[in-house]
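Here it is, the structure in full.
Here the chain labels run A, B, C, D and E in written order, and each chain numbers its own residues starting at 1.
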Amino acid sequence: MLNGISINMYIMLSAVLFIIGAVGVMARRNSIILFMCIELMLNAVNLLLVAFSTLHVDAKGQVFVFFVMAVAAAEVAVGLAILSMIYRNMKTIDIDELSKLKH
Amino acid sequence: MLTGLLIIVPLIASLLLFLVKGNGSRNLALGLSVVEFALSIVAFMQLKHNPASKELVLNCTWVESMGIHFAVGLDSLSMLLVLLTTFLVPLIILSSFGTTYERPNAFYGLIMLMQMALVGVFTANDGFLFYVFWELALIPIYFICLLWGGEGRARITFKFFVYTLFGSLFMLVALIYLYSHTGFDSGIKSWAINDLYEAGRNMTLAQQSVVFWCIFLAFAIKMPLFPLHTWQPDTYVNAPTQGTMLLSGIMLKMGTFGLMKWLLPVTPLAIQEWGGVAMGMAVFGILYASCIAIVQKDYKRLIAYSSIAHVGLIAAGILSANQQGLQGAMMQMLAHGVNVVGLFLIADILVRHTGTREIDRLGGIRSMNGNFAVLFLIILLGSVALPLTNGFVGEFLLINGVYQYGAWVAAIAGLTVILGAVYMLRSYQGIMLGERKDSAVAFGPLATSDKAVLIIVCMAVIAFGVYPKPLNDLAESGVKEFLLNIK
Amino acid sequence: MLGYTITQWLFGILSFLAIMFALMVVFTRNPINSVLYLVLTFFCIAGHYLLLNAQFLAVVHIVVYAGAIMVLFLFVIMLMNLNQDTEPQKTVISKVVAAIAGGLLLFVMVGALRGSEQLQIKQYGHSDIGLVKNLGNVLFHDFLFPFEIASVLLLAAMVGAIMIGKKEIK
Amino acid sequence: MKGLFIISGLGILAMLAEIFKFKKILYPLVLVGILAAYAMTFVDWNPPTDHLSRLDELTASFSNMIRFDQVALAFSGVILVTAFFWFILASHYFENETNITDHFALVLFALVGALMLTSFSNMTTLFLGVEILSIPMYVLAASRKKDIASNEAGFKYLIMGSFASGFLLFGIALVYGATGTFDLGGISHYISNSHGDVPAFFYAGVIMMLIALCFKVSAAPFHFWAPDVYEGSPTVITALMSTVVKTAAFAALMRLFNVGFHHIGDVWGQIMAVVIGLSLVISNITAASQQSVKRMLAYSSISHAAFMLMGVLANKNGFDSISSILYYSLAYSVGSIASFTVLYNVSKDNNGHIEAFNGLSKRNPFLAVCMVVALLSLAGIPVTAGFFAKYFIFTTLIGTPYKWLLGVAVVTSAIGAYYYFKVLIAMYFKPAISTEPVKVEMSHTVLLIITTLFTLAIGIVPGYIIGIFK
Amino acid sequence: MVKLIGLVPLFPLIGFLINGFFGKKMSKGLSGAIASIAILASFIVSLLVFFDLLEHPDTTSHVVSIFSWINSDTLHIPFEFLVDHLSSLFLLIITGIGFLIHIYSIGYMHEDEGFSRFFTYLNLFVFFMLLLVLGNNYLIMFVGWEGVGLCSYLLIGFWFKNTAYNNAAKKAFIMNRIGDLGFLLGIILIFVTYGSISYGDVFGVARGANESTATAIALLLFIGAMGKSAQLPLYTWLPDAMAGPTPVSALIHAATMVTAGIYMVVRSNVFYIMSPAASEVVAVVGVATALFAATIGLFQNDIKKILAYSTVSQLGLMFMGLGAGAYSSSVFHVMTHAFFKALLFLGAGSVIHAMGGEQDIRRMGGLKKALPVTFMTMFLGTLAISGVFGFSGFFSKDEILAHTYEYSPVIWFFGSVTSLLTAFYMFRLMFLTFWGGFRGTHEQEHHLHESPKSMTFPLVVLAILSVVGGLIGLPEFWGAKNWIGEFLEPVATQPLNMLGHDQEIILMSIASVGAIVVIYFAYMVYRKNNVLPLEKESDMKPFQKLVYNKYYVDEVYDFLIRKPLDFISDILSRYVDKKMVDGVVNGVGTAVDGLSSVVRLLQTGNISFYILSMVVGIIAILFYTFIK
């Protein structure tokens, strides 16, 4: 019991959030939403890390979350830069349009 | 050391040739290959007088951690095939003098490279080295066929390459599997041939069976045996004549020799279990290929199929695993190598003089060039194994060996005696005899180089048919020792 | 209340909201709304952090995500003028397939994530690991190397973003 | 470790070059720097005893986050050598592009990530390494800004890479949750002490990390990004991806699974075996009908990844398999660099369509011969390095229960020969589209000579590399 | 003297080499002389050896080693010659008749452009034939055996521009090869059974083997004999072999090569004695062939074909004798047959020569005036072959029949019928050729001339031999000793003839009277009534038609063997090999290509799909690991 809440609940919660993010990546065409969904996935992981950190009474988990945040920020920065470039070139950010490379 | 030299000389020759531009290359190639032949004669003498000589073996560490050695050695059996190789390569080079090839230096360089690999295959005493040379032999011949071949060569040579590669990869896996079973007592893994033998013999039947089929596949494709032969006729027909000669004269022996040296002693149990199936393939292939050869219209293709039939008998002899069978196989390998080179040269001469290889379009050449007819006939008789030609000794011993395996098998295998005569005489009659056809009108005298090659081949055909003793003794003692080893 | 502690209630409500907002992120058509729902989700997650005694992290979380990253998203959306409901949608089939895949993923994950009961429960409640001082100690001692090297990461991202974003000068 | 610092410093130096205007000498500087870093791996290789303790001290001072043991150094060496070759290959790329310094910096930062992946001993450094390697690569893939294909490649790479990172993180979190530590040694210790009494989600974590890393090395069914990204990216960047990035990802995978999780090999072994089989089949079969050499090389890289995974799979104990992977990655990298160099020179405009190779033997025999050697090596024909690479892998795998993979590998290798030889046939057989000879600049000539000789040399004497850890 | 035996085959070999290499540059006379002298030299040496043997009755055989040929562990095959009574007798026949035929050929072939080539082949043939009989083991015999087959091939197809001749040559070679395979397997079985194939070793221990092995060996060897000696069912090549120049027919296809089968059976008589079953087969096949060929001979019109069928028939009689155990009698008949059949062939050659190449007896007639020598000698030969009392053929044939009667009266009966038929068709030939009016063209008539001396000389010699040749084997009950039987005693023990003298006289009388009656009958038909053979096939009666067409055996073989073989080969080549076997291989390639173009469609380029695939992969993996 973790504060009266089983660790299982946290695992399940973050799994659910993670999967919602994943489904979002699969189901949306707007590239920005895709990024957002990926952020959601990362946040689910963060939540899990914090929960485990508390479970183990260990700060490393929380420190790790900082790094995840840093990485997430970096990815978003690069991602949005690329996206804006694509928008400049193609006037769209619909991922179904971004499928010239295939087979 | 001598063995090492035999491998290095062609390598150096090949590198030299790649550097030499222009037409001098073919004389250089011929010269170097003759040097190589002389060297092999020296080795032969050495082997004869002092079989235990250290000159004949070379053993250096190659990859120590894996137990891989650059171990080559000449024993009686490998000596024979090395002699065949070094004897044929000059002839093959000489036979090319009647044709002008583009970029001759590359052409001859590749032939010499091929020779190196072939000598390596025949002398290797290390499983890994054997495999390396085995594969290495494939590259030059692939390029020879690809660059100087006939129509449709890209597809055909490619099929040949992938087909043989496919087989040899299985062999590689099986060899590695054997290797992983070495060092049972000592704990030290090794690729040395005797260790592989031992490893194979310590295996269970199931394990041996896997090893047997994997390795047999490679050899069967290379030889080729029915039903893995379909790359062969197309490749033979499409390759430049010299390529075909290399393929059929020497390279084919890699398969048969491999079967003997690298499979027979390794998997005794599996051979008891599966030898019959393999034998069936070999013997059925004889009939199958002979029958097909009968109706071939293209002379080169006919020889190709006849080659399948011959090699089927050789394989059957090896699989019978007795003195006569193995010795016969050795002798027949030599004979077949020489004869087939002659026959393919004849096919080449026909094309050069008449522009066709279609038997139906040829005819009556005998009345234009009697000497050619005689030379042709002698080689042909060697090929149908008439007594006192080189083909007979091997064939007799082979059928003898197979008979000891099974009388009916021998009876069926022996049908090659009849069918061989059928297709060979049919083709001879079609090409040489009868009224002169239009294609033969311009059939003039042979080029000196062609004549020289044919005469040498004919001399070999008769000399080793009448007096095979020098080679036969070697084969006999080699096989005896070999059988002692594997028993 | 119904046998649940307050913490449990809070957990339940926050979880419910987080999941609901997360779903809204995925299912809302308007990108702006998606962003806003995502921000709400992040707030819920921050709530969880607080529940888990990770106070500092909760604050950082809000600042970084809600404050910085999401604003960036908003900027970009507005820059591209995507603020409309009529953006092209996936076909129903692909959505259904995505949903099914998600459902299956959930199913197998739940199956895979069993067994956490075995974890030994450690002391809870009075831990102060989430405090800045503790975190700082760990970060600058144990995680010194990653911390330093993270700078390379950020540099790379910065250089990359600038390089990509810059107009080509001919 | 010094190498890592040198490369980081070089990256920063590259950025400074823009400001302090020494762009001109940056290129030689970088080359020298890489060589220096490479030299450092030798310095660290066999430290005297006192030095060894200092090394440990250093490691300890970083709380065991990173550990340059021999394996790490060896792989660093491979990466640095490859990087050096790559820089020669890319000389043109740096000349033509604007933002030269940015490119330099990004590549160098990616190298930092790669070196981290060879030497991490904590999941934090693993994660950071992966990201430091990936993020510059996303940018570089998209670096031809006007080219829609390049944009798309970068974008695809980014989305899918991030998605995979999510799984990596989830896996890390779960493993952390079960073990309470990020340290590889700690995890290994935990596994061996728990005697199988670990929560199931630990395994789930391991498998998710496996999946994420399989994505990074582009193993099927997580390979989909690779062909598209390889094709869309600028050719030199593709070369970088298929060599340095791949080697690094492998080093990481191997370190994680052979050091961290090797006690539970039964759990991931089966999965990895299936992944390998699938990769071999899909990659080789798909490659057979490709018309773009660049794309074909992408599929070929998937198949090579599968081979290297075999090495990981077979690595039960000892260094045999590690050295096999090392050898494989070296052979593959060098072969790839050579083939990409030729590709780059042959097909500057039409994106590597196979027709560009038609009649190359006439237009530039030297290039053709180098390509032949490279292709033979990639196809695994003796006596090239690629043959030994395959051989070593086979040897290590034969003692495991996954022998059936060898059958798959053999059959698919034969198919592999099919598409490599398609290029070969095009070069030597098909009529050339133009008779004009292909010009190659000096640096590339030298590079090709070096790589070709290198391929043959380590093919002839592989003992030095394969016996490196003994 | 025996030591010089190596010279016997050596001379023809030298002759062959000289003619082979330099023949074209030499004059025809020189070329022919060299060839003939080579054979003459051999003949002289053979004679010396023969007398040497006679002088030392106690030593029965000499082995002369030349060199070691093939060795394989226990299998030693030296190149050794065996000189014993049997081989020396054959030496004399071969070199003697060979020499005569060489002389004859000088005249016969004079106009031919391939003159030196002809003598090259002829010398080579003699060389191989000598090897065949001289060899001290089965393999050397096999060498000669195949070698003569080769020469037969070359000589039948001597006029190589003619396709029909070439076909005949090919047919001869291939049919012989069928027999050779049996022979070869027989040799191998001998080796496997006895561990050696040298006569001395094998015969010494032969009785140690069981009967079934002996039967197998005997039958396999007999298959070889069937091919070479043209027995049923492998006889059809011999009539076709008449395509060769006539001296060839005389030497190879009458006097020497075709008797190799008899030599071989006599040589291997141990096995046949051990195996009554095999002997019975030999006897039955022999008599069947004899009768069968004789009936065909009745209605043939080609002068050489008639002689060819006669040869087949006579060979059948010899085998009949062998089957009955009459080994020396058969050898005796071989010898006399060599005399008179060579004579007849050479005579026929002379006729053909005179007729300008015409071979059809329907176009001849009344030649006895134009060709007196030929006529006289041929007439003597005909009397000999017909078994007219007192001529050589009478004694040898009678001896065989006597033994056969003892063995089986049924076989004797058919054998006797055969010899009566022989008398009939031979006289039919004589009457049609030499009596009556000339039926050829005027031009031919104008050119009719007796052959040159070089051709008539051998005829005369052979005629003398045909008349007196029987003296070496007079029946014992005449008080004379059967010299040849005794001479061959060490090689082939012939069962003593247990017939009473009166029985023997009765048999002899039946044969003599029968022959006279038949000759008279032939006289009545062809001389008195001037019956001419029918020109058109459609006029013939069914049986006659059947026989005229040689029982359609060639057609049957064609239908049963050649056509199916060609058909199967064609199917194999065109469909099985290309479509099936190679089809599978190419199919794999195509399948890979096809699969490739399908699988690559997976690469849709769509990120959502890629992610979906990844997720599906993950689901599968997790499912496999945790849920199953």
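Before moving on, here are some points about what is shown:
Just so we're on the same page, a contact is a pair of C-beta atoms (placed from the backbone, for glycine too) under 8 Å apart; a residue touches a chain by one contact, two chains touch by 3 or more.
Just so it is clear, the structure is predicted and the values come from calculations on it, not from any experiment.
Looking at the partners of chain A and chain C together, the chains they share are D, E.
Among the remaining chains, those touching chain A and also chain D are C, E. When each chain is reduced to the average of its Cα atoms, E sits farthest from chain D.
Highest C-beta contact pair count among chain pairs: A-C.
Taking each chain's centre as the mean of its CA atoms, E is the chain most distant from chain C.
Central chain by Cα centroid: B, whose mean Cα position is closest to the mean of all protein Cα atoms. Rounded to whole angstrom units, the spacing between the C-alpha centres of chain D and chain E is 78. Centre-to-centre separation of chain C and chain E, using mean CA positions: 102 Å. Taking each chain's centre as the mean of its C-alpha atoms, chain A lies 65 Å from chain B.
Annotation: 71 Å between the Cα-based centres of chain B and chain C. Residues of chain D in contact with at least two other chains: 124, 128, 131, 135, 138-139, 142, 145-146, 154, 156, 159, 163, 174, 177, 200-201, 203-204, 207, 227-228, 418. Shared interface positions of chain A, i.e. residues touching 2 or more other chains, are given as 7, 11, 18, 21-22, 25-27, 29, 34-35, 51, 55-56, 58, 60, 67, 71, 74-75, 78, 81-83, 85, 95-96, 98-102. Residue positions of chain B touching 2 or more other chains: none. Listed by label, the pairs of touching chains are A-C, A-D, A-E, B-D, B-E, C-D, C-E, D-E. For chain D in complex with chain A, the residues that touch the partner chain are 124, 127-128, 131, 135, 138-139, 142, 145-146, 148-149, 151-156, 158-159, 162-163, 165-166, 169-170, 172-174, 176-177, 180-182, 201, 227-229, 231-232. Looking at the complex, you find that chain E touches chain A at residues 600-601, 603-608, 611-612, 615. Interface residues of chain E facing chain B in the complex, by the touch rule stated above, are 67-75, 139, 142-143, 145-147, 150, 153, 157, 160-163, 166-167, 170, 173-174, 177-178, 180-181, 184-185, 188-189, 191-192, 565-566, 568-570, 572-573, 577, 581-582, 584-586, 589. Residue ranges on chain B touching chain D, taken from their complex, read 61-66, 68, 128, 131-133, 135-136, 138-139, 143, 146-147, 153-154, 158, 161-162, 165-166, 169-170, 172-173, 176-177, 179-180. Across the interface of their complex, chain E is touched by residues 156, 159-160, 163-164, 167, 200, 203-204, 207-208, 211, 215, 221-222, 224-225, 227-228, 267, 270-271, 282, 285-290, 415, 418 of chain D.
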